[in-house]
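As written, the chain order gives the labels A, B, C and D, with residue 1 at the start of each chain.
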Amino acid sequence: MGKMRDKLKQYLKPGYYEKYDYHWGMTIDLDRCTGCEACVVACQAENNLPIVGEKRFKERREIKWLRVERYWEGEYPNIKLRFIPMLCQHCDQAPCETPCPVAATYHNQDGLNTQIYNRCIGTRTCAVYCPYEVRYFNWFTYKWDEPLEQQLNPDVTVREKGVMEKCTFCIQRIRQAKDHAKDDGRRRVRDGEVTPACVQSCPTKAMVFGDLNDPNSRVSKMYKNPRGYKVLEELNTLPKIVYLKKADSDV
Amino acid sequence: MSISVRDALGTFKKPAVISIIGLIGFIIGYVIDVTVFSDASPVQPINFSHRMHVSKNSIPCLHCHVYADKTPSAGVPGVSKCMGCHKVIATEHPEIQKLATYWEKREPIPWIKVHDVPDFVYFTHKRHVLAGLACQECHGPVENMDRVTRVSSLKMPWCVDCHTKKQVENGRDCWTCHK
Amino acid sequence: MNKISRRDFLKFIGAGSIGAGAGLLYGKSTKKTVELLLPQVIPPEDYSPGIATWYNTICQQCGAGCGISVRTREGRAKKIEGNSNHPVNQGRLCAMGQAGLNALYNPDRIKSPLKRTGERGNNSFTEISWDEALTTLGSRLGNLKIQKHGDSVYLLTGGVRGHIDKLFATFMEAMGSDNYFHYDFTHPFALYEANRIIFGEEIIPYYDINNANYVLSFGADYLGTWISPVHYSLAYGHLRQGRGNQRGKCVQIEPRMSLTGANADEWITCLPGTEGLLAMGLAHVIMNDGGYTGSDQNEWMQAVTPYSPSVVSRQTGVEVRDITRLAHEFMKHQPGLAIGGGHTEGNTNAVASLTAINALNYLSGNLGKPGGIIFNPEPAFPNMSIKRQANYTQMLELITAMTNKGVDILLVHNTNPVFNLPPAAKFIEALHGVPLLVSLSSFMDETTALADLVLPTHTYLEAWGDDIPEPGVGFPIASISQPVVKPVYNTQSIGDIILALAHQIGGELPVALPWTQTEDYLKDSWKKIYQERTPVDATAGFDDFWKAALMSGVWGENKTRPLIKFDRLSNNQIQKIHVSQPSFAGDEKDYPFVLLPYLTQTFYDGRGANLPWLQELPDPMTSIVYSSWVELNPKTANRLGISEGDVLEVQSIAGTIRAPAFLYPAIRPDVIAMPIGQGHSHYGRYAQNRGVNPMTILAPEVDDTNGALAWSATRVRITKTEERIRIIKTDGVTRTLGRQILGNNSVHT
Amino acid sequence: MSDYREPTYAEVNRDILRTLLETGSRYWIVFGITATIAIVCFYIPWIYQWHVGLGASGQSRSDVWGTYLSNFIFWIGLSHSGTLLSAVLHITRSGWRKAIYRSAEAMTLFSLMTAAFFVLIHLGRVWFVHWSVPVPNQMGLWPNFRSPLLFDVMAITTYLTASSIFIYMGSVPDYAAVRDASTGLRRRLYTIFSFGWRGTAREWHTLGWAYTFFAVFVIPLAVSVHSIVSWDFAMSLVPGLHHTIFAPYFVCGAIYSGTAGIVTVMYLLRRCLNLERYIREIHLDNLGKLLIALSLIWAYINILELFTGWYSGSSFQYEALTYKLFGYYAPLYWEMILFCAFIPQLIFWKKIRSSWNIMFVISILINIGMLTERFLIVSTSLPRKFLPNAFGFYFPSLVEISITIGSFALFATLFLIFIKWTPCVSIYEVKETLKPLRRVE
């Protein structure tokens, strides 16, 4: 019985909170974000997102791991348009992880919500369960018109039809940084050494990425910003992306 | 007429035997294919002998596969590297003359890949070499091979087995090897 | 069944062998296909398999001149990122810049030199060799040169800058022709002219949004398309959250909300073309409330007298209350900036408007200080490109010359006048008078499709070049563009083509251009910078200097901004400041709406339309992809019984186009807007036959002062047609429905 | 036709075995049609979809589940009729079940098979479906035991196995009867099927005991299967699906549609196979009463769903309901309410309850309503979840519609094969209901 109880405890409090090295997180400052969508292209370039074509857009089958949502507020002439970049929140209590029958999506030791493409059998349950709707399904096997395939990132798989895919926080870059750290004989990756493609490209520096286990990392400090909030926090999915809400002008 | 089940089953004896023989044939056929017609040891464009180079002439692996401890890929030596020695050594040998032809035409040698992992696998030689793994642990006794033969399955269970045995840090996390 | 009969035995054998055969086949089918390991014949030094190499170069997707780092693996470009050494974009990059890979690896690039075979415009070409192409062109040019008809050679390029521009100029000079122009639709002619009027020089100063407390923008979409969006975005981010508790305020005044308008704290609409009047109204308030106490107070008082808030309010449609408030806020929150662009630049009174807006900066004393307007020091090498920019009126002169058979050879490089000039200019018709049209382009755009000879050029990622960003960043810098990959197709760099032509033609040309490779030419040119601009005690030789410049991608002397003070304006200048009402083509009764064509940050002026990533990038304001649309206010739409997707006929005095309606909540009810960029008839599979080009219905209105095209000065009427299509967009519902998505302070409606 | 006399034992054998042994051209025509539709409308579109990818369906980014899943639930629901009804009525010793339970159980089996097909059709990479089966391997890879979908796989396979055994076991004496009435190859086959059944007292005793055991075993299984299926939805956070009521709702709906399905099948069997003497008014009457009860429960749960949605005050839940009631698919919703809640109330009238034709129509309407219900679950909730910007819309594609139609043909084909394989009315149990041996005058 004691053993069972230990197992249960272990299950209720998974290790990635303190046991392992990293707990990757991100903040997005909506006061800086202009909705220019540079991040969207950066993501597409880095992660081999397919060029799906007009027809697929019409069918709403586009694949954009990171999309910018827009919301109008008010009516003309007192009208505002607000942008919010929406990407996988890497929830610590991810609703998408429980229902996958083959465990193709799970939390890894870095606190990332990961998707193993070649384990996926395409039940699409994760996409149904995801409240942020950031999981994208490969309805077809997409082709790149020659020679566009030459720009494909060799560090990222090209997904085939029937597979779910989503933001990985550019895990290939994390891997690269860890590799460099090991080469230098360091145990840990330095703050700022890993930047996902979207964060790297952001023209207003609205996004900050880093390790939440490190109290001195930039992202940990941004996490404490009083403007911070999490989208759909009431669902208790514990998303790891903190948005900093748009500030009021003090003029 | 009898209502004996055994009698009734007797009617279907022959079809059953035929199916079983067919099944056995299938298995034999498959086994023959993977053993006799195995792709583990393809015939290369040049009859290069690792035994000759490594065992007889004591050239270390990293001398030719220069990238193995630096990059994910071990790297095949460029034709220039081969010619570095073979401008003077064994130039009369027919295989070396093949090499010389490639060099004169400035063409790469179309070596056939023996060890290949699928595109969705991230494998880095660097980390394995730097972790102190001998080349032979995965590639087998290449130094004794005239023609390189794959000795490991390079399938996932084989990888996971070793990672488990050696207690590799995060060695069983999917994203350690998949991309 | 104790005995096996012969028949049965055969059956068993048969079953066994069929099974074995199937097993063999199955085994075969599970095997991987043979993969080859192809070694390098001679491995290059900077190459290691599986490791990325980064090359710093310059982005040339628009004129901002950002520095980029291109990640290459095994000799292929994989990703473009901003070069963090480069002061313009500091490591960041916009969507268009990142999509440069699509240009490099575009499947519809011109793959080898082409010669026209059929009628012009039939799109029938045959491939020819480079030798043939260069000989053909070289001999034609040479003949003209011998006949002393060199001045009948015209060269039209896009906004080429740096030493490639100089190369063109030297070439044309040696040819004996001074007909070397740039045509870039997005070039801010009016801004340069207005700045010349106020500052006395045709420049764009450094707008220090970084340190400003108040940014009053009259239509300038500085976060999207205006001049240097990445740099201004960086500054915007800093202005918002980079300075502790001090958060700058942004106000945007424009008839249609742009991306900048969406991000501004306040978005105010005025009647199209009246931004300058509004600026004068603000100036009036500032003067009357004693906000300006300079020595030329009286002259200013005089200049602003006719623009009392009540008058301006009537002219612009902005309430008096707002005018006074804006003026007070602007004066109170210094340093502040008043900038103008976008549609303000597309009206008949554009130069006057922008002058008036500039005057606000003058009145608030923001010239030459941080957070205001900082003047750029002398650049490392002179930028002659601005002088060569041909505006609409100058283009008309060129077209007249073409019609009158004054042009024997027209060389076109990186510009697409067929697409970017209104049909009223009759460019295509004028081409009949040109015996030889040569296109030096990477893509089969509309102009190239009409060419007689096509010499495909490298994209900027394959070619050598250099650049001085314009506008500067407040201190002198220059950057080098280097090839990051081997040429994908049988193309040549524009520099090499020009140099080859020079040698082909002979005469004094090889003397003026003795180089055979652009790289050598560039190196020699940069030696000058090295000699003149680097400190004398520099121990490193030129080669090290060159290498260092290539490595970092940018060369700069120092990183502090010298503050150049600005003298007062002359009374004469002040008196000239006067903004008149804009005029529009078309009668208001027949054509009730003003058409605002606008640049998008995805296609810019249409040059990005062939890049699939940009076609697939949802428009930031509407989320529409792959098409054109007409934006109109929901109220207007309601009145006319139009709903989203209804195909509208947009008619001006110059023509008619059809595009689906999109209800855009942030646009004045009396204007409609259309994005520029789609509607290509050529330009590759991604751009072709998609949407419409609003340029085709623009009336040839020009600016009163400088004769540039007034591209926002056309009135139109819209008629609903029977047709209806579904607009392709990614947005579902664009209201929060009371959900707490944007944080708790979001306004619920 | 009009002979409603109570049959004799010999007549029972004759009448029922006739349906098995004599095959007219009408059967072949019907079989040919259904089989053709099944191939053309079901398998060919599926192969096409397999080839191009799931994009062949109408599902999209905002609505990743579509008719494949709703049809799956529908067919699983239909399967609840049989086994459950047969088992419950068996252990409650309701004698009237005996003429209908065999076909009801067959319905269970074949709708389960059809449902299983829909699971496969639904998958993006069906060629890897075996990964959802817990097989130990060296990679240390197991299926995810927390997944309701894995529960599904297990529940359905268990249920399929149990109900196959259940139906087979009950048929053994009848197989013996077929064996005794036939010759040649068929006789040999049925000798094997009937396991050499001889009809000794010990055999009857064992059969009776085992049958009751399985009946008890199958009831909780059936309840759990549809509860588990409902968790596929209820365990998500999606407003409109995240209900605790979902499990009983699904079970009740399942039995409801299953019972209606039995009425339909019964009607057809009676008409086409001339079984008027065996399938009688009492069956119709009892099933009618059952339908009323179920429709009331079903309606109650629906009201409850509306009430909790309204009472929750949660914006998400409330809006999901509003969309369901008044959105694009509102006509379908009201159609469902009409067919499943109001029309069945007509059965209260004895006259309607005893009219074969009217009951046939009502039973079909109920199943149309239930098909709609399942469709609405996916098509109104999933496209409108939490972020309005990601709201979408779902409409099935031609492939999906075709496969839906084809699935009915597939079911019919399987059923037609079954008729020729197993006596569709239990011979020995019907005999039990007759008066003890009497002489034919």
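In the analysis below, a contact is a pair of C-beta atoms (placed from the backbone, for glycine too) under 8 Å apart; a residue touches a chain by one contact, two chains touch by 3 or more.
Just so it is clear, the structure is predicted and the values come from calculations on it, not from any experiment.
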Chain closest to the middle, measuring from C-alpha centroids that were averaged per chain: A
Roughly how many whole angstrom separate the Cα centroids of subunit A and subunit B? 37
Take the average of all CA coordinates in subunit B, do the same for subunit C, and state the distance between these two points in whole angstrom. 52
Whole-angstrom distance, CA centroid of subunit A to CA centroid of subunit D, is 42
Give me the residues of subunit D that touch two or more other chains. 62, 386-390, 392
Two or more other chains in contact with one residue: find those residues in subunit A. 60, 62, 69-71, 106, 119, 231-232
If a residue has to touch 2 or more other chains to count, which residues of subunit B qualify? 124
What pattern do the touching chains form: line, ring, star, complete or other? complete
With touch defined as at the start, can you tell me which subunit A residues reach subunit B in the complex? 106, 108-109, 112, 114, 116-119, 155-158, 168, 171-172, 175, 179, 182-183
Would you pull the subunit A residues touching subunit D in the complex into a rising list? 56, 59-62, 69-71, 86, 95, 98-103, 106, 119-125, 127-129, 131-133, 136-141, 160-164, 231-232, 235, 237
Report the residues of subunit C in contact with subunit A in the complex, numbered from low to high. 50, 73-74, 76-82, 89, 91-95, 98-99, 101-102, 104-107, 213-214, 223-224, 229-230, 233-234, 236-237, 240-242, 245, 247, 249-250, 257, 259-260, 262-263, 265-269, 329, 333, 488, 601, 612-618, 620-621, 623, 625-626, 633-635, 665-667, 669, 685, 690, 726, 728, 730-731, 734-736, 740-749
Which part of subunit C faces subunit B closely enough to touch in the complex? 1, 8, 11-12, 15-28, 31-32, 34-43, 48-51
Flag every residue of subunit B that touches subunit D in the complex, lowest number first. 1-5, 7-9, 11, 156-157, 160-161, 164, 172
